[in-house]
Amino acid sequence: MAPPSKSFFAVIAGVGAGTGGAVARRFAQAYPVVLLARSEDSFKDLVAEINGQGGKAIGIAADATDAAAVKSAFESINKELPDFKLAAAVYNVGAGRALKPFLELKSEDLDASLKGNAHGLFNFAQSALPLLLDSVDSSPHPPTLIVTGATASLRGSARFADFAAGKFAVRAITQSLAREFGPKGVHVAHAVIDGGIDIPRLAQYKSRVNDGAPDGMLSPAAIADSYWHLHTQHRSAFTQELDMRPYVEKF
Amino acid sequence: MAPPSKSFFAVIAGVGAGTGGAVARRFAQAYPVVLLARSEDSFKDLVAEINGQGGKAIGIAADATDAAAVKSAFESINKELPDFKLAAAVYNVGAGRALKPFLELKSEDLDASLKGNAHGLFNFAQSALPLLLDSVDSSPHPPTLIVTGATASLRGSARFADFAAGKFAVRAITQSLAREFGPKGVHVAHAVIDGGIDIPRLAQYKSRVNDGAPDGMLSPAAIADSYWHLHTQHRSAFTQELDMRPYVEKF
Amino acid sequence: MAPPSKSFFAVIAGVGAGTGGAVARRFAQAYPVVLLARSEDSFKDLVAEINGQGGKAIGIAADATDAAAVKSAFESINKELPDFKLAAAVYNVGAGRALKPFLELKSEDLDASLKGNAHGLFNFAQSALPLLLDSVDSSPHPPTLIVTGATASLRGSARFADFAAGKFAVRAITQSLAREFGPKGVHVAHAVIDGGIDIPRLAQYKSRVNDGAPDGMLSPAAIADSYWHLHTQHRSAFTQELDMRPYVEKF
Amino acid sequence: MAPPSKSFFAVIAGVGAGTGGAVARRFAQAYPVVLLARSEDSFKDLVAEINGQGGKAIGIAADATDAAAVKSAFESINKELPDFKLAAAVYNVGAGRALKPFLELKSEDLDASLKGNAHGLFNFAQSALPLLLDSVDSSPHPPTLIVTGATASLRGSARFADFAAGKFAVRAITQSLAREFGPKGVHVAHAVIDGGIDIPRLAQYKSRVNDGAPDGMLSPAAIADSYWHLHTQHRSAFTQELDMRPYVEKF
């Protein structure tokens, strides 16, 4: 791993075994990375891995749905990386898929999705955007906020009222941010991940997803490559939204 | 006004000077109508008007964002109209457009929109859907849940992160309900109102909206006519979503 | 049937056993109707039926894909109904679904779809719009051009490249016309018919469509009711697009 | 420039001063490239440039709207590069924007757009897809068909009926191909270019587009970078559609 930038860092919220972790690895090839997750367990191995390979990673336990916790996490970042500017921020927190018939859903189910998706992004973006704006004139690539979406960002399926509500809301916020902050030089992009992600926790489903076709679930590293590409796009050609799905996925 | 049905009623949440009031008037031509609004002031004149013209209207003050209040309102309805079944429910509550740059928005602004739009619909639908399901075999028209959307249901404009989040979430829930309850015989429809509504409160803008063109703002009665049409659609040809806008509106 | 208008007429292109015929019957309750189809066989019984019930119907054989034939049909209309103005025009011509793997499609298959859908609408709209514009100030309802779409208007499914190309193109044209002619007072609407239509020719499929559920295919008369509603919308609340599908349809 | 692949080539239809030329340059860094355009003038300088820099380029004059000419071009390719397989095919032909009020459009205007956009892609894809299928097991990246779209792929604006019809049709075909050939291992992607492209021919508009903001028009090289990224995506995470627009573009 090449030594990371001495001026710019990246922050990823929602780091675990899947997309978030892969994005952290990918961005760590260029920047020190700050990993946020609710529980230290979600990032401690990865922080060790990146630091052990010549990169630089910092993990901070913070619940994105808690505005004060997010603010406090960004204050910690500022202490840890006082001379660094923010080049890229990735919001990859998912929440709230109770998968129940509507009349069995509780208000708390909806709340969990709206908090984890919409409020979490709101909190994260309010802390990240001022830092991204501050990097516009100097960042090696246009400063970038990337947000992870899902099939449910575009479609409210039966039994997905709670989850789709949160994911639709996230897409709304992301569009609004793209329109407000794009002209100021910040690239805001939304990635619709349309398929199962190939993570250990879901390995048991692998033989059933897309009839067990090889590469029938999204590789987190492949998603991360496209996030990195989004970050490096020239400001004359920003992508606001793209989808990603396995070649065998029905859509 | 012809005497209203002696078996079926309609309930409209979010009744005031605009769409909700007009929908109440339109549905009152066929059914007793129950009007819900946070404040009694919003419906008391209309209740009197409808009752004075041979129709039947009941007003109940209830905050849709308060799950207990909605539940209690439906219990009151059951007491007032014990032998009636629900033919149509309209959710027309709007909330949360702080119209501020994103970095000036407060978490409370987002919350107000998510609560008033998504949670309110959730509460209303959880009480209304069991009643609508109960009417499937007997209702003169397929029992119907109609939800009012806005331009911001489809588009997250700059400075609309809060409002669009709520409106996107509502659209997600409505789609999910259509897919779950359609096959059970309940018609769930979403109307995207794309333009300013011609209500007294907005009269001051009238000369500026669409260059002051006549009929340049949506007539609430015209919206109500389309809601009524949605209600009367045959179950072989349900509309899930339609837009409505003034002929002169840019889109 | 009440006697039809003595001042305004409607014209429907693509009349047969399904939507077009039902629309003709529905609009004949208010206006003399002109029925266009490639073959006289498609409309002659219906013309007789409408005229026999106190309505007024004229059938003209014309291929919508043939610009000269469409022009000539409108000249015939002008001779037959010299003192009438056009209140509503409906384009309901479908064409081109070869249902083949892409590499087996012929250029002619694509051409058939583009001609029957896009060119046909183009020809029809070029003749109808000047007449609709001429009715803006006097028509009982805003003069209306309604165009029939399909699932393939929004989605290019596998093996539907030809058909979807034509249907997408029709939607594009309809949107463009709505934006150009709406502000001049002409209502241009697009109906996405998402499901099988309950016509004699498809009766054999009925037991398989949506598991043979009752009303599992769209009733042409139900579609026609919504077309009539579109025609009667107030100009402050034009619908540009709506979908229609059976309550049991997966979507 | 590194020496290009000795096994795989790329073909780009619609090569000139803009996107097509930049895509050719970008893909020439990895593959021999075949450049198709109606006129030799469009590609001869670029062919010389690429060949002069250690790459390999072949230009073939062919009108994409002419099925026989496209077939013949692919036969020429086969003679020139007999031992090469096709890794990537890019359709970048645009046509048909008469920019006239609808009633002034001629049938020929619509035809030019449908031919140049839909038929051209059809012809190109029918020749390219069998070759791409043949590369699935050996290509360094999943064999890819990329199609250039525009704002008018998603929106039929006033006075754009002809152009939007062609661009909507192209999007329909591309979606259908993605669904048919994705599961076979071919990546089919559609790029919505939403803004003016920074090419010499449009330089005169540059001061007016987006108020003359720097990078206010899309850099063709930036578009080409994203096309290359699409080509390199892992088959578990294919993007079917992305948009690209200048940071300052209103949308």
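By written order: A, B, C and D. Residues from 1 in each chain.
FYI, a contact is a pair of C-beta atoms (placed from the backbone, for glycine too) under 8 Å apart; a residue touches a chain by one contact, two chains touch by 3 or more.
Just so it is clear, the structure is predicted and the values come from calculations on it, not from any experiment.
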## Note on the structure
Shared touching partners of chain B and chain C are none
### Query
Counting one step per pair of touching chains, how few steps separate chain A from chain C?
2
### Message
Can you work out the rotation angle that lays chain A over chain B using Cα coordinates, in steps of 5 degrees?
### Response
180
### Message
From the C-alpha centres, identify the chain that is farthest from chain A.
### Response
C
### Task
Could you tell me the distance, in whole angstrom, between the mean C-alpha positions of chain C and chain D?
35
### Message
Using mean CA coordinates as chain centres, what's the gap between chain A and chain D in Å?
### Response
31
### Task
Compute the distance, rounded to whole Å, between the mean C-alpha positions of chain B and chain D.
46
### Task
Note the residues in chain B that touch 2 or more other chains, in rising order.
179
#### Entry: Chains touching one another, given as label pairs in label order
A-B, A-D, B-C, C-D
#### Entry: Contact set on chain D toward chain C in their complex
67, 101-103, 105, 107, 110-111, 114, 118-119, 122-123, 125-126, 129-130, 152, 155-161, 164-181
### For the chain A and chain D complex, residues of the former touching the latter
142, 179, 182-183, 185, 187, 198, 215-219, 221-223, 225-226, 229, 232-249, 251
